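So, here's a batch of structures to check.
Consider the two complexes below, in which subunit A is the common component and subunit B and subunit C are the respective partners.
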Partner chain A sequence: MRTDRKNTFLQSFLSSKDQLWTVIWIITIAIVGIWDLLFLNRPALEKVITGFINTFSISLLVVCFTLVLSWLITLGFHFFEQKHNHAGYVALTFFLNLLRSIPQIVGILFGYVGIAALVDKGILTGNLAVFPCLAFCMSLFIIAEVVDLMRERIEHFKKLDFYSAMRVCGISESRIVNFDILWKNSRLHIFNKLIAVFGSAVFLQCSVDFIISVGLSTDINPVSLPVTLGSLLAKIDSKQDILAIGNTLFNPSYLPNLLFQHLQGITVAFLIVFSLFCINNISNGYAERHRL
Partner chain B sequence: MNTRQFSIRVQSGNRCLVNAENFPVYQNEITFLFGESGIGKSIITKGLYGLLDPEDLTVTINNKPYGYHLNDNWTKQIRRNGFFVFQEPSSHLNPLLTIREQLNEGSLCDHEDKEILRYLWQTNDDPSIRKIIDIFPKPYRPSGGEKQRILLAMAFKRINAFIENPSDEQTAFVFDEPTGSLDNNYRNRFLELLFAKYSAHPFTAIIITHDYSIISEIYNRHRHLVKNIHFKELSRTTEPDVDVQDFSPQQYLSWLQTGHSQYKENFAKETTLEFSSRFSIFNRNLCIYKDELRQHPSSLVINKGDMVYLKAPSGVGKTTLAKIVMGLYHADSFKMRLAGVTANEKSPETLWQKKIWGKKAGMVFQHADESLNMQATVLETFKGLPLKSKLNTEKLKKYLQDLFDPSTLTDQFLHKKVAFLSGGQKQRLNLLRTLIQAPNLIVLDEPLNGLDFNSVKRVLELLNQKRSQGTSMLMISHNEEIFEHFVAKENIYYLSEI
Partner chain C sequence: MKNKIIEHISGIIFVTLLLFGFLSFYNTSRAREQERQSSSIRQFIEVPISNINDPFQRALLKDVMNVFYPDQADKNNQIINELLSTKENEFNKKLQKSHLEEHLSISKLQDLLWMLVKFLFTYIIVMLLTWYGVQTIAVWRFISKKQALERKLQLAFKKEKLSFGKKTGSIFNSIFKSIVYFILFSPAYVIAYSIRTEFNTDSLFFMIILGVISNGLLIMYSNKFYAFLISESRKGYLDTALVKNLNSSYLYNSTSGIPYSSIFKFRKNFKGHVFQHIFQNARFQYLSTIKEQACFLITGLIIIEMALNIHGYLNYEMLRQMLYKNYDVVIVIILSIFYTVKITEMLTDFLVYRESLKYENRS
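Here is the complex of A and B:
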């Protein structure tokens, strides 16, 4: 009986790809961490740990800001439409389309320029102030797709008797939209989208940090933006580590050196690529499990 | 009489969907199977017919894995010789083949269908039938009723084949809600054809239905066949177990006779709703009449405590009228006065929002599956309603007793997701959500959908109780027989397009 229960649990766990990939991700990162702890020099290890924590903390903040902002914008659209407030509706549409029209990387780069200026002038100091600003800036260019999803969900339910049946019962519009549609009937869809937002945030952050850090030496750093995986990847020693992979392709005997002498760059590159790969699989697995 | 008994258990993962002991299949006789929707009528018959997917579901028949049943000679023969008419005609038809091609697909091609089509369409005009069968089926074309008749025509072709080439092999024809989209006239033609074929050569037929008025039709026009007909009802014992019991047609027929004499009006003539006799919407002009011949237009007047029954063929606009009254559709022209509130085509939606919804009027929608929040719990379904006093768990349990057995009203039930309730339970919940508010007018759109006989009786008793408290009702239902008996003749109105 006990074995049966264990087998059922294992079967359901293995068939839930999202749970499986979450565990694979965590275990692999833990193994990489232990390896680095054993073989990576202390200053480089500290940088990698800081970069990893900063990158994922900012990405988590991006998810929070995206959720709150897109929920508010969706409600704005709904109530402007409901109250026949055309000016408000048009203004919100214009704002969202403006954000949509700017390529994400370009928009975030400009945002970073502004934040860098504020840091430079000493207006923003410390991670507690800088992280939310970076996250907010990034979330602005990601919210459009979450708003689209939420609005689609509301539109879908408005077409069904569900929405009318609740309204004629005298249930408030706010409860129908927030509780019955978005929370009760769309939270799985929204959560799945937020997993994708998390992946996008990691990717965009690494790309933008890499772009702005290219060319800066390890000593000259005009702006003290937080260390992230992207900025670490742009450092000259990481680049050399990455180039070593190319060298290994033609000199396979060099492979063991990668795991001991080029650990910083290899670790950073691996963390970025493997994390994005896992997040993608988690998102797909979650959608599959919940039949979204 | 040769009867095969089956025990059937169907599981999806760890969840048992249905478990029935001693389900009878009466060989060469006709069985009408009643029961509230979602109780497992379709899944049991599909299981017996070998139509369930063994990859998705774990099916055990007569305590043996499904494979044994699928390889049994009985199953193979009934599948070879019989036909299964599915409940939802739209999903039965292949959108990539014309209807004519589908009517002549596989073993159906050997038999003529002209006479069957003419009979089911009640016409000798072949070109008009050709217009329907020479097209590819699309969601709204042909209509639901036409699609249903096409499926019935396929089944009758197989029945003809069986009659023309009788053999010792078994056969069974299953009709899952075959008259759900048909009006009474076409329903009666289907029954007449079925019984005519049966009289020519008996065969096994199982007809799943919620339409209890079929009983009256059989007793009025096909009484000679009653000895070959079984009326059975599926009822829930303890979830997921269901019991197959005999349904007494006399019980239904005598209940009908009690009619509206059960209810006595106590109110002075105080008008709750007055709706203009003519109105237009979606470029259609509609008119309300009080006489069946539709000669004298009349405003729709519902007095306090009255139930008005609105009759019209499918698709004319009964639900549309209900939605205009409730401010959900914006009509091009109309006038109404509802419990002191006057509205017309120029009235803004906020009028209904502020003065009518949840206060003066409420509406029970046709499909409980669509109008309830499937992801909410039973308890949450009643949260957010603008009630005069706060509703706690105990009060709610007491209130639900109007339509639910007290033994089922546990805390676990209150915290159960609506999605996991049976169709009949959803429908009762759908009704109670509106009735709890006791507005001046309640619009009921097909409130008896998916209910078993006991629930139908309880719902009508509850409606009478609400009427005695002064609630007026506008009733829209295809259960003409029931409401013609339960609504006073002067409260029956007719709707027509001009």
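Here is the complex of A and C:
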């Protein structure tokens, strides 16, 4: 009986792709961590750990900001529409479409340059002040997708009978939208979107930091912005480690050296790519499990 | 449609005015700052000193100042020091920035225009390739899934076990798939640096390849298209299509199935098969995501050009000009990218509008 229960749990766990990939991600990162602990030199290891923690902390903050901002914007749209405030509605649409039309990397790059200037002037000091600013700047260029989803959900439920029925019952508009539609009936959709937002944030964070470190390093003080996986990858020793992969393609006997001599760059690149791969699988698995 | 065009045009006007406003504010504040700095020595700035390090010329200047403005030796000394340091700074700046400082001119605009043409060419080719790639991968995945279901059913009746060869094949298939997925999810700079020692990664051809396969673009949007196919395949109209006796087998070798070659055609057509309707409806939904895809694609191309420092390309030029603080050039480049996105959005809106006319029987 007990074994049956265990088997059913294991089967359901293995069949839900999102949980499986979450575990694979955590275990693989732990294995990489142990390997680095054994074979990577201490200063490099410390940098990799800091870069990893910083990247994922900023990305988590991006998710929080995106959720709050998009929720507020969606409510803004809804209430402007409800109160027939045409000017407000048009202004909000215009603002959102404008953000949509700016390529994310351009917007974030200029935002980061601005934040680096503030850090250099001493207006922003410490990670506690810098991280939220970076996250806010990035979330501005990601919110459009989440706002679209939330608005779609509200529109969908407004067409159903329960919306009119609840209004007839005297339930307030804000409770219907916030609690009954967005929280009770859409939180799975929103959560799935937020997983994708987390992936986008990791990708954009690494890319912007890589570009800044490669292209603007003489203009922006390297200590102005926190160390992330992207900026670590742009360092000359990491770049040389990555270049060694090309050598291995035509000289396979060099492969073992990658895991011992070129560990910093290989670890950073692996952490970026593997995390993106896993986050995508988790998001897809979650959507599949809940039939979203 | 009219409203959308008005919205796009007002967006273009707003951003253009905003950026030019920023540029004029920046230029004015910089000029004011320079003026403020040199206000105390403004009247002496034109004093001809050929070599500021020559002690004779310095002494001569001091004497002349004391002759013209007697009884303020201390003030004269201060003015001379300020004047000499300003002249030295100007000279050093000129020396350092002579090859870095650039301003908008006809020849610079011509250079930028050529870079924009190259960027647009890359963008259009990558867009067409991803348009084809996204649909092909999603259709292939969908049909493979359906085939696997059909095979599972057949195996369930036959109670046949997989042979060792087939098992090994499926393991190799999984490994190959994982490697491909890994490449598709890699940011462009990781792929490019991995093979930089063996291949020339600065060519246009390589940029196009990277634009298509890297940054997760292909896989993300093919997943989206696949999701549209799945959601369409669950809809009720398919039962009507089956009742009307449309082909429904997904096997390649079956007469009522789907020919293998039709998956890889640029203009996909599955006439007489139920999948034709699933595909058409999914493609209509996919059309509206093109705007988002175009923006993400441009982000990818910018990352490639900037991260790989590919000289002579628009986005690398933007990074370079940002570094040298030539903001007028930066603003022109940003505007050209913004216009590209806006034109794509307008075209997409037009395409969606035209398709919706067809679907709503209004054409």
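The rule is simple: the second predicted complex is superposed on the first by the 283 of 292 C-alpha atoms of A that agree within 3 Å, B and C clash if a C-alpha of one lies under 4 Å from a C-alpha of the other, contacts with A are read in each partner's own complex, and residues count from 1 in each chain.
By our rule, a residue touches a chain if its C-beta (ideal position, glycine included) is under 8 Å from a C-beta of that chain, and two chains touch if they have at least 3 such contacts.
Quick caveat, the model's predicted, so the values are computed rather than measured.
Colleague: Which of the two, subunit B or subunit C, is in touch with more residues of subunit A?
Modeller: C
Colleague: Look at A:R167 in the shared chain and tell me whether it touches subunit B only, subunit C only, both, or neither; answer first, second, both or neither.
Modeller: After superposition on chain A, A:R167 lies in contact with subunit B alone.
Colleague: With both complexes superposed on chain A, which partner does A:P103 reach: first (subunit B), second (subunit C), both or neither?
Modeller: second
Colleague: Now for A:L233: first (subunit B), second (subunit C), both, or neither, which partner does it touch?
Modeller: The second partner, subunit C, only.
Colleague: Per the contact definition in the header, classify A:L37: touching subunit B only (first), subunit C only (second), both, or neither.
Modeller: After superposing on A, A:L37 lies clear of both subunit B and subunit C.
Colleague: Tell me the contact category for A:A287 with respect to subunit B and subunit C: first, second, both or neither.
Modeller: Touch partner of A:A287: subunit C, not subunit B.
Colleague: Let me test your reading of the model: by the given contact rule, A:F203 touches which partner, first (subunit B), second (subunit C), both or neither?
Modeller: second
Colleague: Which of the two partners, first being subunit B and second being subunit C, lies in contact with A:F277: first, second, both, or neither?
Modeller: Only subunit C; A:F277 stays clear of subunit B.
Colleague: Output check: A:N185 vs subunit B and subunit C. Expected answer is one of first, second, both, neither. What do you get?
Modeller: First partner only.
Colleague: Tell me the contact category for A:R175 with respect to subunit B and subunit C: first, second, both or neither.
Modeller: In the superposition, A:R175 touches subunit B alone.
Colleague: Taking the contacts subunit A makes with subunit B in one complex and with subunit C in the other, which residues are shared?
Modeller: The answer is that subunit A has no such residue.
Colleague: State the interface residues of subunit A toward subunit B in the complex, per the touch definition above.
Modeller: Contact set of subunit A toward subunit B: 8, 160-162, 164-172, 175, 179-180, 184-185.
Colleague: Okay, in this complex, where on subunit B does subunit A touch?
Modeller: 14, 323, 326, 328, 353, 357-359, 361-363, 365-367, 370-376, 380, 384-386, 430, 433-434, 437
Colleague: Residues of subunit C touching subunit A in their complex?
Modeller: Interface residues on the subunit C side: 7, 10-11, 14-15, 181-182, 185-187, 189-190, 193-199, 215-216, 219-220, 223, 227, 291-292, 295-296, 298-299, 302-303, 306-307, 309, 316, 319-320, 322-323, 325, 334, 337-338, 341-342, 345.
Colleague: Give every residue of subunit A touching subunit C within the complex, in rising order.
Modeller: 93-94, 97-98, 100-106, 113, 145, 203-204, 206-207, 210-211, 214-216, 218-219, 233, 239, 242-243, 245-247, 249-250, 269, 272-274, 276-277, 280, 284, 287
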